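Just below sit the structures, each encoded as structure tokens.
Same chain, two partners: chain A is paired with chain B first, then with chain C.
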Partner chain A sequence: MSSWLANTISEAEQVQDWLSPKRAESLAQLKNTPWPNRKTEAWRYTPINVIERARFSAANDTVVQATAIENLDSIDLVFIDGVFDAQASTIDFPEGLCISQLSEGGSCDWALDSFKKTKPNKHFFGLINDALATSGVLIDVAADAKIEKPIRIVQSFNPGSQSHTRILVRIGAGAKACVVEQLQGDKLCFNTSFAEYDIGESATLEHYRLAMQCQAAISIGGSHFSLAESAQLTSNLIGFGSQLSRVDMDIIHAGENATSKLNVIYLLDGRELFDLHSSFEHTVPHGTSDQNIRCIVADHANAIFNGRIHIHRDAQKILASMNNRNLLMSDDAQVNTKPELEIYADDVRCAHGVTIAEIDEEAMFYLQSRGVSRPDAQVMLSFGFINELVDQMPNIAIADWLRPQLRQRFANMEIR
Partner chain B sequence: MLKINDLHASVADNEIIKGLSLEIKAGEVHAIMGPNGAGKSTLSYALTGREGYEIASGSATLDGAELLDMEVEDRATAGLFLAFQYPVEIPGVSNMEFLKVSVDSQRKARNLESYTSSEFLKIAKAACKQVNLPLSFLKRGVNEGFSGGEKKRNEIMQMILLKPKLCILDESDSGLDIDALKIVADGINSQRDGERSFLVITHYQRLLDYIKPDFVHVLADGKIVKSGGPELALELEAEGYSWLESYDRNAEQEVNA
Partner chain C sequence: MTDQLDEALHREYEAGFVSDIESRTFEPGLDEDVVRRISAMKDEPQWMLDWRLKAFALWKKMPEPDWAHIQYDKMDFQSISYYSAPKSMDDRPKSLDEVDPELLATYEKLGIPLIEQQQLAGIAVDVVFDSVSVVTTFREKLKEQGVIFCPISDAIREHPELVKKYLGSVVSQKDNFFAALNCAVFTDGSFVYIPKGTRCPMELSTYFRINELNTGQFERTLIIADEGSHVSYLEGCTAPQRDENQLHAAVVELICHDNAEIKYSTVQNWYPGDENGKGGIYNFVTKRGICHENAKISWTQVETGSAVTWKYPSCILKGDNSIGEFYSVALTRGAQQADTGTKMIHLGKNTRSTIISKGISAGKSNNSYRGLVHMGKGAKGARNFTQCDSLLIGDKCGAHTFPYVESRNPTAIVEHEATTSKVSDDQMFLCRQRGLDPEKAVSMIVNGFCKEVFKELPMEFAVEAGKLLEISLEGSVG
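Moving on to the complex of A and B:
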């Protein structure tokens, strides 16, 4: 066993709280799970030995980071190195919304059941998060409540910090909410952040995971969703990539007639790596899922996408689609993409496509015929390739806030 | 303004334009009519420099400068404009950004300063109104989800903004109802200033009721087989293109004889 893991387990054994029974299960599983390496399928392209090598300690070098989203009127829950910052957070909530700290979860009747309910046990660092996450939030949206303001969970990280946070969200039947998970920081730190969403019957969730930690950061986490009958999910993931960035998205259609949509943008530079494993689990008939993953990869960066669609035996009349398009900006950039379709029902429509995109010559000619130079047109088309998904974001303030940042990041890639 | 001399152009090794000559003077409007497959679109793509359209021989000059040696974008900044028969949809690139970058490129080529964003917004809004498109179209992706008629009007808006010397209108009337046709024609007519020239490619006389040409040419099998005044268009409308077949036969017989 790796010494890092041994230390982590002994640290976890000290944790005593209302989640202890659940934590013990995960610890037991961890003890029987080998440390992932290149031969572990789920970690084939993503080396994790940097975690063992790096030294983490309590941070003392505080860096103030700008995390505000302009023109977004949101309910803010701010964490710095995994510690809740009450002063920077919103304290009063609209009717129908109940938010409490994970540490106070013992008093929430639903929380214990929701812990580990939608997050599958297969995720190695999910188990570590199970064992170690003592901070985080519980969000409960009452049935039929329409929460207009987005709930924004902001996590920023100081150099050298190590933290584990957990978010549990329950959205009551017929309710509507928007949750933004925002992670920022470019210095070496290690964090795991897992979120579980239980979306009730006919409820609607608009979700954003802004995985904008970059450069030296080590960030591993996931967002996991369970959809009851006629529930609707729109999820947007932005991945900047870093020394090690890994996100697992699991979307489980547990009720019929649910619809889910996942749009993902990667924008990777330098030696950054971003690894997304998505999994759509159709366990019941009648359901629609759609995922669009677009990557621009520059320099020596590495984009990994593993997209799984699993349609269970009796889950007939499913429409599932997956589309992954990649744009390589340099000869040394890498894309490792793997669609994984497991279809056990016979009356379904499942489409998937992967391309390493070339510039669309028809669009190129159109732009050039207006006087735009070929290099300028190339920039416009490449940025347009990801901006198309930004345009689809339902929240205009978030889209408007993201666009110049993506443009800037993209422009920096161009310079080399 | 535009002088085409004995142009031969091919697509995938098939010769489509087979020795075409045409001169358009400043301020003139010329219409090219002809049956399907005559080479009308090939002519417009050969002039604008689309990839895959090979020039075997001949020349085409715009105000004395040889177009056929230039890059696509340089032909555009030299003053050539093509209103596409099928304008391309580019999701993710906003129409406004596209228009601004296009106009800036043209101004740069003419040694003019770029417009500021607010200056350009005013100009773009006015052009948008002129072709009767809602202002929201400026924010949308280029032609994204536009109807056929809206795309054609977007082409005319670009023409108004780019102020070219010579405009090639490739079937700008196709797929338009009568109201949209009037808007497109009004947009084009508003740009006739006695200097700017037009090459109007069309199947039908209908568009020429609104845009009065000075000359009409019939293109068949890669060559101009007949030229005349506006009355030629009416003649074609009445008789169709079937007489061309007999024309071809006569021509062949002449050659064979």
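Moving on to the complex of A and C:
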């Protein structure tokens, strides 16, 4: 472990607040967890020595600003380098919604229980986040409350900054909410951002993680969900790769008849890397899960996907599927994918599929023969490849805001 | 269903007898001296001993791998005997008539009709009993065609130039923990060389049997198909029923030169242990082949035995237009654990590979497919298709899939599909409606499930494999 990180961690050991018991637990685990390397299965394709090489500090002069999403009427919570920006944030909340800062967690009766409840303990940087997270937000949606406006948590990062944020969300029984996690910044910085969602009985969550940090940024994080009986989750992840981007999505079906859906799009260019680990844990019978991962890789980029469906003993009558499709756009790009099934119950139906290929040359020819230029044809075809998932987004404003950005990214991609 | 399943789990292992054959066995233990003694027993030249010692030095520094989805008590490598030979082997038989009748009876029991086959003139057989090759049939007849088929210990003495050139060229001494151990202590195995442009006139076959208590079997197979040649090779294995776990760590190397083709089929029926997981063979095998231009290697395996299986027959598709195939049926029941699959390393242009893997889990067993498809930078226009299907019988077993897919070339196309299901009520209903009893119905459905693989097996083996599956599934019906 690099010295700056070791220093930060030893400083964290001194902090006394409501999280101290959990922090001590994670610090103890961290001591027994070796620094990941290529031999560590979870980091097999992702070199993390960039974290050791670079140098980061805690806070900086603010130069970045949160990007707005056009036509999206949302409840905004803005963090710059992990520090809450009250001025840029919304202050009044609708009935049934209680939002407080992570530092105020001591007065929240549920916060301590929710911390580390759904996030798996084996993630090295997850443990670092446990130990170092001093800022973040607690969102509590009362039972049966229907929060119409999306809750948007925007995080921007200055060059050279280091930050660790934690988001805890509790959605009461029968409630409905939409949460958008938006991360942005293209300069070298190091941030870990983990979110834990506790979705109550028959509650519905619409979730977006817009992991749009790019270029030199180093971003590690994850969104972890626990679904109670008949709960519903629709999650969308958009990833722009960066020097090092790693996202873990864990979905635990803790109650029967829960439904979850995960749609992921990632577009990589240059020397970017995006590493997605998704895991669906079906611990109880009766449940449906579906994941769709589409990925386009250009130039020297590296796309990594590790998907897992785990059906526990006696968790019968599960329908689970995983579909991973990859488009390779250049000779130097690479895709590393590993869709896993781990099944201990017999009356289930599980399937996964993976394809890796380039854009269909016949389709390119067809468009070119009709007068579309090769670059335009490429944009059309690759955009069509992912637009299917963009179209499925329930929030039209977010989808409309994303499309031109995605199209712009295609236009910039190197044409073979 | 569970009752009937339990009944099935109590089915006896039919090859579980012990042959009362006097044998000479090394004291358990492993050190450099044992390696030297094995080499001396085999009357090996110095270069072979040096090669073994190098492997042994490497092995000592290697950690035992723990990444596979299997659980077992770690082995004590000092409690295993690394050499066991039937005593009557000291004056090696020249033909079948001179072989110890007890030995022949053993093979008779196993259903390996050595003598019969001599008459049928169908298959040339090399038989490896514990650590040594007992008899190789049709050796002379094959020689006429230039085909060399003999125990590897003979090949080391008689064809050193070939062995020196190819041994360890595909699976090196430092390849992995079990391969390194094999390199140091391998005792026998088969050696095949098919000369240029020759189509081997008959199927070659080896039967392996572990007989002695507390011994490990470490055989080494080396098959070289020279340019434009063709060979089909079969391998079968059994072991007696014992309470202790026995280790089998084999290495198979295939070298397939330009335009050649090797077809390698295995029916593995080592003793799987009892229903509680006591005893049984630990099967840790490294099998790999290299394909040069336009060459083709086809692995077909039917895995029904062993307490623990750790086996990944692989193809390195180095030459342009080469083809790799992997067809596998793995059946686990009782407390068996299997972690098996393949690696297809595409390096050359227009290389193609097909992977069809069928896993059937019953009882309390765990069956995993673990595979790698790698498209290298130079694998222009390469193509892979993978299909792995799992069938679960009973609610206490597990079926898992761990495929690694890596692509470095945009023109390469990779497709991977996997499904998991059980024998559906609809299928059962349909069969029973037509008057089939449940047992027959399941057997039929499972046979259908495995059909794509069975059709790849040579005829004699396909029949054996079907039967093996049928016996293994007996009673596991609901």
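Observations on the model:
Heads up, the rule we're going with is that the second predicted complex is superposed on the first by the 378 of 416 C-alpha atoms of A that agree within 3 Å, B and C clash if a C-alpha of one lies under 4 Å from a C-alpha of the other, contacts with A are read in each partner's own complex, and residues count from 1 in each chain.
Methods note: a contact is a pair of C-beta atoms (placed from the backbone, for glycine too) under 8 Å apart; a residue touches a chain by one contact, two chains touch by 3 or more.
Note that the structure is a prediction, hence the values are computed from the model and not measured.
In the superposed model, A:S3 lies in contact with neither chain B nor chain C. In the superposed model, A:Q16 makes contact with neither chain B nor chain C. Contacts of A:S107 after superposition on the shared chain: neither chain B nor chain C is touched.
Ranking chain B and chain C by residues of chain A touched puts C first. After overlaying the two complexes on the shared chain, residue contacts for A:S369 are found with chain B alone; chain C is out of touch.
In the superposition on chain A, contact of A:D347 is made with chain C only, not with chain B. Within the superposed three-chain model, A:N32 lies out of touch with both chain B and chain C [touch as defined at top]. Of the two partner chains, chain C is the only one touched by A:A333; chain B is not.
Counting contacts by the rule stated earlier, no residue of chain A appears in both its interface with chain B and its interface with chain C. The touching residues of chain C, counted against chain A in their complex, run 67, 69, 375, 377, 390, 392-422. Across the interface of their complex, chain A is touched by residues 48-51, 71-73, 75-77, 81-82, 84, 87-88, 90-93, 97-98, 101-102, 105-106, 109, 141-142, 158, 162 of chain B.
Within the complex formed with chain B, the residues of chain A that make contact are 360-363, 365-374, 376-377, 380-381, 383-391. In the complex of the two chains, the chain A residues touching chain C come out as 41, 313-314, 316, 326, 328-331, 333-358, 416.
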